[in-house]
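Labels for the chains are A, B, C, D and E, by order of writing; each one numbers its residues from 1.
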């Protein structure tokens, strides 16, 4: 190999404290170096020309520039050598400015150090290989997992950008948690009024294909080319035929089916449409309650369906979709309040969750929007809201703040006072978290305008007395014990990861934190990316957040997809891991540690297992290389031999 | 013929038709030696032995020679005899997916210790004339041309056995013989490691240099290790990448043993095979025992106990801060 | 190689480099000592150990014929540490040469007979030396036919010489493994083309060289055509270190490929232990 | 003079002190008390020869070091034109006068194999040759065998002095050292005083008695064709080799295993070419650059090891087996593979084994 | 390669630094841009992530004669590759505790986390580590031969 070495003086920035002439002279003694010179400003136009001229006149095959940080000018010099016909990876840069001339004034020591740094670069360069990027075609369809508000926003934004969208929703209707809400804070605008049109849009956009009541079964492939198997769960109704007329739901004799949409307050029919605004507005048979499916007799719906859409023999079906990117907006679950036995959630009918109360408040809810107690239908007068039920409590492994409860309690208290002006609302709280736009003002309104009584302190116990509930707790501000006889207690249950979050993450090869929330690529700078290229996050699956933040993330994820799809192909960075199959022993440790799912195992014809790098997915961190016991997998441009050469040359 | 051998043969006879083969031991060329034995036919079963000479860790063959990860065409399993320490290697191999649990029928043999031939030679003046050795309770009975002598078993067994914490197989389909009491508690300090640590830093270096200087780079320790799974592609031998030169100097010998030790960090199950096979008597396992102690102290992890566990250096916990 | 020390290489200079294919290049070298270069004598089929100091030594056949003495020519496929480095050398670079080593093609016994060369890929190198030697002594030999196959049209070596070979009196049959655009010659693996061509075994010697799998099928095809073991020659390749029959690794039974080979007749091979 | 001297036990150190002024003297010595490791090391005053117990490692490294520099090389750039350079080669020989004292007959006999390969072939190995010419062997008449010894099975015996310059004969109170070659006699005669007639007679008696011992039951020579016949019987090889862990210890400890590798080591502008011990039990030993391996599994590799010693070598060198019967491979094998048994069973037919 | 005998000679201290490209290499750049004065002993090897480091590279450096080895990467939770430094942290901690057992001075090896903005912290880290190494003196390296050694008896 013929190596040229260029020592930049950087004016006096380097030459001031490093004898660049001496460094160049010494470099001539290094192996394979056939040309070495120092120059005033190597990065300048004439400086680059100097390199290019030397490449042609000395027929150089590799170039070392000792100058500033490669984080500054590596791209510049790579371009320069490429123009002169050398592969850009046959270039090394020694950082003798930031790491040498600028940090010490001892000219001799600096010069010795600069010589070492050049020597290390030369030894590395001697082991460099020409590397080439490859182009991978991008399938410009996007999968959105989850049809809550975040997913809907992402899907609509993508759709608006002309992308084909596949949306998968686990429930029979999209809309997510927001569809169940009556009003939204801090504006008290009607939730379904603002979400409804978006849901309808999803149904009507021609470039959105919606799989409701479906789940992601398996995912393979990589950025630009994912293959997704979707399980369409059996609804026993042919949705192509069903018009959502609702005749069947009128006649169905099984009227005690669990009403998921209304959080179990009241009941629905075995064949049902979850709620009037459901998208898709299609009937589904709940096989747990259907008399025919459980007992073999009835089939009334089949008889009366005007379009003959009932299919009792329906089975789950797997369909495969190919996409180039995935937006995960799989949402969240609410904490199960029964964990706190002392509150009596689940035991006392009038201790309810906030989401149940939300349904009670809703005009489309079980009580038509009239506030009543589940136990006896009486209008409650004394209502206690308890915050932090499953938030900020290490004892139940929920150390985090759910972020939304303070606000929705205030909203519900205001609504209550609005509906029942002679009621008393108490809020038992720990701290008030209201950092959003107009949020703190909203809390203040609840307290000052609506007279909601805020009591700081934890409720210790709730027990019945007659038909009322005694709420015992402390007011830590006043330092007194408090006891309230309440008609209704609302528990502000916190946010937790969706029950399916972890298995889904494993299918997606993305990571999640200890609470099951998905890990973003960087907490500040890459909030909607994951470490699996081509997979993006939106909404609460990444961590608790409110509606505006979820919508914002939905849009952000969509814009990331748009940016990715703005090119027809993806150029891969060639500085990725590479497997020497002759050496690979198929132990799979690389696959195990890869943070990006960029490695998969394959079986050769002779039956031996080998690992394989998906070059488009690999991010070049080198963890696999460090982990591989026999170094069969090497990170290109940062190989063991290159690093060892840098070490060895220091101590020859 | 001792009871354990009899019981083993009887058991194998009963199940042999369901097995592809059984990995066991047979007598070697003299009464102090035993060799691994592949029981391939019914008639082989009577060659099996199981006693204090059952040195070899047979799980080594499962990953390296048999690739016991793919199911057999006819569904038959490979039977393998394991002592307590061997069983941990098997667990580690299962963890790392080199052996499939479904593929092996594990015959567990509680173990009071295996003999160290070098210590026997020091005990018995004329080891070439030994006719038989037998462990009877806590005693070793050695029969030579000149008669019978008895020694405390502890004077003749291997170093690893003196500090054994898992004499009973941690995984098995059948247990031949009664479980025995471990010599050390699980969280007990490793006495050999403590002995090295009692030296000053300078002396420790000298100690290891003196030991490792004898190394002839034969790689027996590597090849005997059930968890050295790189087999023919060890970085000690390949020149691309080049971690090691061909020089036989102290630097390279030291480096070799550091490679071996660190590659086993969080994986070594202390079966002691590396040390037993060393032709120049380097206490090779002692290096790894320290790493095991570190990992136990730091991460509360012992290798080869839980088939479902992930070896600690192949995972992480974002929470750990004390390190 | 010096008289005194068979391990000591002669210094030589790379004077010309021909890039044959994407992974094969040809080096033309001259011994630095002009006297030694002048006195250098070898036979077709003999090999040399090339040294790149700091990387090691590797064995390559001298594929220029003894009849052409302007330089010694070696063709190198990129595989392994030494070959990898040989691929990075430039004209003017210094290498070490220990040569000639091993036996050679018994060209005397082939005089007056028709010759069939069967070669694949890089293994054309040992055939080239004998082919050129015979073409330089054209009158001593009868018909000379070469069947030469490669994976793709871009994998042939010495393409720039094909016309010269033809002019000098050799017939060339070229073949590639699979159909390729604008390929005017044969398609199919070498043994298949050999079977189709079916050169008459009468008074003919077959010399074949190629990757193990090709050799296996080519030998079968030749036998099918009626060639006797004594009529077929091939060269063997083994991992070698010393090249002088001492270091031990290239044996097949008691034969050492480095000194008893690399050229063997099929008759010799069938008398040896089956451990190729 | 008789060419014999008597050295009392307590005079041995003095003799070795004297000898070590003229020679680099190698003796078997205790290398590590804890593991009882005995190997050959250079004598220095104060070191004790270990003559009553066998050494774990053979003395072959004395003539054939495990790592041996063939030559050093330096790239020298032309100061006027840095593209041009030359390479300086400097051979290095390390071959001062050497004496091996206290090796066993099997140890010394191992070098017979080396002599055939390194000196009597088409090419002479100058590094070995120079050392060989400058080395004398004072070989111990061997008094103690163990269950792994079989020197008599390979045409040798505990008093076989083939290749020795002196015999060291243990008798009551010390040793009689007898010169066997001119060089040996010359050295003996200048190194001490002659034995008494009784001592001389005791020594003769000892030699005779020892020579009469038969160490090893079977004759293991003459198996060359049996190996050939067995060559493709892979069931046989599988049966023999199943326990083998291909560690290669047998080859490292073997006094006749001479295989080596040649590699370059360099840093910066200079380096060296060296040879180092290699083992036929290793996969990489025969792995070709393009991935083919003629001996891919331990069966082929062990077959080659046995074949080389008991078939190929005798075929090439007039029936001489390349095994000295020292039993080290058996003794150190972690899985107790017994080469005697393997060779013997070569003759058995498949029926015999069943 | 150094040996005990020439350790007494005055020679320049050399510290090998493995710095991840995204945080600590940038932090060292920042320190340079701010002209924070640092000792000149450090020789930096730029790697993509601390997860790229095999502890054996550190061992190799020490055996070859490095007077000190400094590994620095992104703060935990800030890894450019999300988790590389978590793996590295465990591996390096095991090594750090293991080195003294083999007779190496564990103070010759340090690992730390410095972000790209923490130029000043980088200056402190380098200065402090360099002082530590100067206190320890040059790495004497391994003895190439051992004449007498302490025995350890464990039975």
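Basically, contacts are C-beta pairs under 8 Å (C-beta built on N, C-alpha and C of every residue); 3 or more make two chains touch, one makes a residue touch a chain.
Since we're looking at a predicted model, the values are computed, not measured.
A.B. asks: Counting one step for each move to a touching chain, how far apart are subunit A and subunit B?
C.D. replies: Tracing touching chains, the least step count from subunit A to subunit B comes to 1.
A.B. asks: So if I look at the partners of subunit B and the partners of subunit C, which chains show up in both lists?
C.D. replies: A, D
A.B. asks: Measuring between Cα centroids, what's the chain most distant from subunit E?
C.D. replies: That would be chain C.
A.B. asks: B-E or A-D: which has the larger count of contacting C-beta pairs?
C.D. replies: Most C-beta pairs in contact, of the two: B-E.
A.B. asks: Centre-to-centre on C-alpha atoms, which chain is most distant from subunit B?
C.D. replies: With centres defined by C-alpha atoms, farthest from subunit B sits C.
A.B. asks: Would you kindly tell me how far, in whole Å, the mean C-alpha position of subunit E lies from that of subunit A?
C.D. replies: 36
A.B. asks: Return the distance between the CA-based centres of subunit B and subunit D, expressed in whole Å.
C.D. replies: Here the centre of subunit D sits 31 Å away from the centre of subunit B.
A.B. asks: What whole-Å value do you get for the distance between subunit C and subunit D if each is reduced to the mean of its CA atoms?
C.D. replies: About 38 Å, centre to centre.
A.B. asks: Using mean C-alpha positions as chain centres, tell me how far subunit A is from subunit C in Å, no decimals.
C.D. replies: 60
A.B. asks: What positions in subunit A touch 2 or more of the other chains?
C.D. replies: Counting only residues that touch two or more other chains, subunit A contributes 2, 582, 593, 627, 640, 644, 648.
A.B. asks: Show the residues in subunit B shared as contacts by 2 or more other chains, in ascending order.
C.D. replies: 210-211, 231, 238-240, 243, 313, 315, 318
A.B. asks: Give the residues of subunit E touching no fewer than two other chains, as numbers and ranges.
C.D. replies: Touching at least two other chains: 1, 60, 64, 77, 83, 87, 91, 151-153.
A.B. asks: Could you list, by residue number, the parts of subunit E that touch subunit B in their complex?
C.D. replies: 1, 55-56, 59-60, 63-64, 76-77, 83, 86-87, 89-91, 93-95, 97-98, 100-105, 141-146, 148-155
A.B. asks: Sort out for me which residues of subunit E touch subunit D in the complex.
C.D. replies: 151-153
A.B. asks: Per the contact definition, I'd like the list of subunit B residues that touch subunit A in the complex.
C.D. replies: Against subunit A, subunit B makes touches at 67, 70, 96-98, 229-231, 233-235, 238, 240-243, 263, 310, 313-315, 318-319.
A.B. asks: Once bound in the complex, which stretches of subunit A touch subunit B?
C.D. replies: 513-514, 582-585, 587-589, 592-593, 607, 627, 629-632, 634, 639-641, 644
A.B. asks: Contact residues on subunit B for subunit D in the complex?
C.D. replies: Where subunit B meets subunit D, its residues are 28-30, 33-38, 56, 60-61, 64-65, 118, 121-122, 127-128, 210-211, 214, 216-220, 222-224, 231-232, 237-239, 245-248, 273, 276-283.
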